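In this document, chain identifiers A, B, C and D correspond to the written order of the chains, with residue numbering beginning at 1 in each.
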Amino acid sequence: MATNIQCIGVLTSGGDAPGMNAAIRAVTRTAIANGIIVKGIYRGYRGLITNEITSLETQSVSNIIQRGGTILKTARCDEFRTPEGRRQAHDVIVEHGIEALVVIGGDGSLHGARDFAQEHNFPIIGLPGTIDNDLSGTDLTIGYDTALNTIMECVDKIRDTASSHERLFFVEVMGRDAGFLALNGALATGSEAAIIPEISLEKDQLAEMIEQGFRKSKNSSIVLVAESEVTGGAMGVAERVKKEYPQFDVRVSILGHLQRGGSPSAQDRILATRMGEAAIEALLEGQRNVMVGLQNDELVLVPFAKAIKKDKPIDRHLLDVLRIVSR
Amino acid sequence: MATNIQCIGVLTSGGDAPGMNAAIRAVTRTAIANGIIVKGIYRGYRGLITNEITSLETQSVSNIIQRGGTILKTARCDEFRTPEGRRQAHDVIVEHGIEALVVIGGDGSLHGARDFAQEHNFPIIGLPGTIDNDLSGTDLTIGYDTALNTIMECVDKIRDTASSHERLFFVEVMGRDAGFLALNGALATGSEAAIIPEISLEKDQLAEMIEQGFRKSKNSSIVLVAESEVTGGAMGVAERVKKEYPQFDVRVSILGHLQRGGSPSAQDRILATRMGEAAIEALLEGQRNVMVGLQNDELVLVPFAKAIKKDKPIDRHLLDVLRIVSR
Amino acid sequence: MATNIQCIGVLTSGGDAPGMNAAIRAVTRTAIANGIIVKGIYRGYRGLITNEITSLETQSVSNIIQRGGTILKTARCDEFRTPEGRRQAHDVIVEHGIEALVVIGGDGSLHGARDFAQEHNFPIIGLPGTIDNDLSGTDLTIGYDTALNTIMECVDKIRDTASSHERLFFVEVMGRDAGFLALNGALATGSEAAIIPEISLEKDQLAEMIEQGFRKSKNSSIVLVAESEVTGGAMGVAERVKKEYPQFDVRVSILGHLQRGGSPSAQDRILATRMGEAAIEALLEGQRNVMVGLQNDELVLVPFAKAIKKDKPIDRHLLDVLRIVSR
Amino acid sequence: MATNIQCIGVLTSGGDAPGMNAAIRAVTRTAIANGIIVKGIYRGYRGLITNEITSLETQSVSNIIQRGGTILKTARCDEFRTPEGRRQAHDVIVEHGIEALVVIGGDGSLHGARDFAQEHNFPIIGLPGTIDNDLSGTDLTIGYDTALNTIMECVDKIRDTASSHERLFFVEVMGRDAGFLALNGALATGSEAAIIPEISLEKDQLAEMIEQGFRKSKNSSIVLVAESEVTGGAMGVAERVKKEYPQFDVRVSILGHLQRGGSPSAQDRILATRMGEAAIEALLEGQRNVMVGLQNDELVLVPFAKAIKKDKPIDRHLLDVLRIVSR
């Protein structure tokens, strides 16, 4: 069923991710090329309630493909978690003549999209924008590749000083629920190990590392640790090591918010551009309440329920590869 | 059929590509972890003839994952294109007790591998190492992602000056036979068009661009042009434009050899590491005369004949996406 | 003599240089902090004739310190080289109530500033904005440090491929009249030699290099060549080498316009910020027709005539250092 | 008085700094060019006691100019702080025939050099290698410019997310005793303020910022905070803000050890190369017990006592510039 949409809104929500601007650009220009008016909504769902909405023209999105962050800003919005808040948002949407939404964000943002779409029978297309890569139904999320490269560049620098001083570094990276950044970051940097949430509840990764003869030599080592309440993150792991293996010269580095920023990588810009174009194509074909995903290098449409299912598996063979190549 | 290989050789051949060192590291360490002796062969196939071979230990490949180029050097080798040359190479291989080879390189390198393997019934595993991404049977080659990011960073810089001066730039990138770098580079940089070899013989891409209203406004524009004898590359296209559209303020930039260098991206380091490990696994399983490829994010084994077939299609839909989003 | 200026104009002229935006930002905000209205003039002197002028507020220059290029654009302007053109410009200036100008640019731009100031008895402060570092009266120009780092990063990449293939590369950098980029670029990259304009007319730098035993070994080498009509630049030098020393495997790379772009380095952002603030301080103190320069890390005021004198010497001892450390 | 030195030792000591390798390279090659044998001492002064010393040839320092860290490693050495330890070190030095030392390091390293030189009447030349820029007698130290650029790149990334979320970030940088990195880092990144040790004891910088109307608008802001026991660093300042100004959405980022690493900037490579060459020239001229410094872009020799005096002033006018341009 093809539809006849004349005006859409676009917003970014949740934690910002590099490539969001490239997605906004592609959504805006593809819509305009199809004769659709585009409204930019500021600060995620909050802008739907506080009525912070502006028109986006072709020129509005010039020269933003290379910029980190999001020109539409982002914010958390507690009101939107309530039916009353979503009703307010719907009123504003109707007032502006917006007939469909493109929502760029992570898990929480797609939850909100699903609820809103159901309650108000409103067409929404989601784009996966999060550095954590923890959305199901898509091999890659917008921002993940850039964050991985940012982590790599930071750890490359830390290695300079680690190997000059022959120290053991625990470096904390983002990914509270998913170890993609920590595990692939460790592979990319020649780190000796990764401590990731998928394994944290199963067994004591640190004890196992030590048993397997980790750091027999006195050379420097780097271990990437996903932030975690189970392990205590890099700080928690380092405290244990200091107590149990006092011979090691231990240091901690927490990469923190800089992982979210920076000019997006080529892959993220291309992914965001392709997904942004596909979002409008999907709307024109009458699709609604799906997330655009990438599977086997093809763009697919994934129901919101599937995308937010939190069951995206990590490739455990990579843990073996890491152990073998870091000896 | 599992085999009992005790000594392998590893070499890099053809144009160097970022990630080759990460592949050498993974091949070496995985082999050693399996009790296999590793010999590094210098300057590609030439080192097999001139007998430039060294032992590689775990420490030999420390701290190289982040470096561009190849610690084993690379070179062209005309002798190896003859049966006589390959016979000499085989003698040297036998002398060193090398029982299998891992060859990291592009199209020409895999041709050589196939011929040698057939003539001497010798086990070889190939790894796709080339920035051009023009090998069939694999979605990605080692070095492509880094080259794409290098192009992107250069074009981002050129755009600063292009938009300050409101000029039209033709930027030449590598890819004589394949437009992956030019097309995806254009998408990643917000360039207005890409002129690629896959289309060059079909139609006049430049004329079409102009007819479709390219550069109606006086703003700056950037067009990525794959090096080509058909179009004459960036210089050839620019000459035509200067003649036919003298109103444009045209500049040319040829990115050249710097596209081959630089510290590899996270994706290339991870890909090279995974492929290096898989090459040894394949040998241990008795595989031979195949290239390790990546399909749908799974590692697969591809017969040499398939890999060098030069029929890897470019996604033509991306040309439409480029036209839509660059308006 | 303190003055009572109420409105100034700011423009960027000539080739763009990284840090121009940081200078515009500092000029604008310092002026506003002193109660002065700021007008941004587009496309250098041309905007004074075509009347492309806009008001700049504090917010207009937000988030530009990190961007290459110039938000005010730049252009050449032949009319402004004539008294008639400058008269037109003066009319526009009077019309807008502009009482003083800050001009950010290189040699040609300061020539124009001097002529205009003299003819119309008009207060102008110049800021040295050029990657070539060829202005007298200042140790550093805005953009030079960034261009030097850009050259360094490119040559670092080229070295990867040069040493993998054991080739001799001639890399052409900007600096038609001044060898700062070529000589310091060679020092920073471990290149073996630099061919610079200051020496080109004195002697045959290439012949001397070869006589002194250059490239006795077969390792890779990189030579930085300033663009030049005397030597023919990298292409000219390479042609001679190919003829006279056919045993070398020679390649050429011309870095071109990407040297002008990119996010400015810390040094350029700080220099531009300090100079921008000092320009307004100078105007408030009644200074006019001087360029802000940096001497011994102190900001000084330099008469235009001195700045454009083209007699800035290069430190020839650095040529000796280069020869010694590159052996 | 010219001397006739036949063998020198070179070592890096204290915290590592980018550019140390460039200095080692220049020292080694200049010495060899003058017929002097070079011994590399591992792990700073400790290697003098544990006898970890190797010969350095021209090839030993190939391809290291672009690498962070130090190929000679570095370490703290408590024994060397005692006369007994320094006696042991002297015995090892005599055993190796080392007649002079080049010591690359910071404040503590030069203290050690001074004591050793006095007790054993031994010629030492120091090079200022520290990212903190806190040595007197030199405008710049090796590593400072790279660290400043690293901080800038990190803060540029943090700004992306800060402005997307409209948050107030306190970013902690190195410089316990000297605010060069914090103040110039703030200038380079368009941060709103810097809290530096030079001012910490005089007055309450945070209270003053707030009184002066800091962050009246709700936009994002970034404040750079030098690590400090007086202020408690970024964490200490943020805690105070959360208590006293609960309306701000505050975040903290501690850049930590990555500030020490990374490929050195052009300026640091050139500075290190010039200083390394000058160190050998100084030895050949009979100089001893001086540090090579840079003053007004000229290399000078500074007595150790002057260099370690800890009285290098920060330019307080820059605090005013920061306040004006960040409004």
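Criterion: a contact is a pair of C-beta atoms (placed from the backbone, for glycine too) under 8 Å apart; a residue touches a chain by one contact, two chains touch by 3 or more.
In this text, all values refer to a predicted model and were calculated from it rather than measured experimentally.
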item: Longest centre-to-centre distance from subunit D, chain (CA-based); value: B
item: Geometric centre distance via CA averages, subunit C-subunit B, whole Å; value: 36
item: Between subunit A and subunit C, centroid-to-centroid distance (C-alpha), Å; value: 40
item: For subunit A paired with subunit B, centre-to-centre distance based on mean C-alpha positions, whole Å; value: 29
item: Subunit D residues counted as touching two or more neighbouring chains; value: 156, 159, 163
item: Topology of the chain contact graph, where touching chains are joined (line, ring, star, complete, other); value: ring
item: Touching pairs among all chains present in the structure; value: A-B, A-D, B-C, C-D
item: Residues of subunit A touching subunit B in the complex; value: 25-26, 29-30, 32-33, 58, 63, 65-66, 139, 145, 148-149, 151-152, 156, 159, 163, 184-185, 187-190, 263, 265-267, 269-270, 273-274, 276-277, 295-297, 318, 321, 324-327
item: Residues of subunit A touching subunit D in the complex; value: 12, 15-16, 18, 67-70, 73-75, 150, 154, 156-166, 169, 251-254, 256-258, 260-262
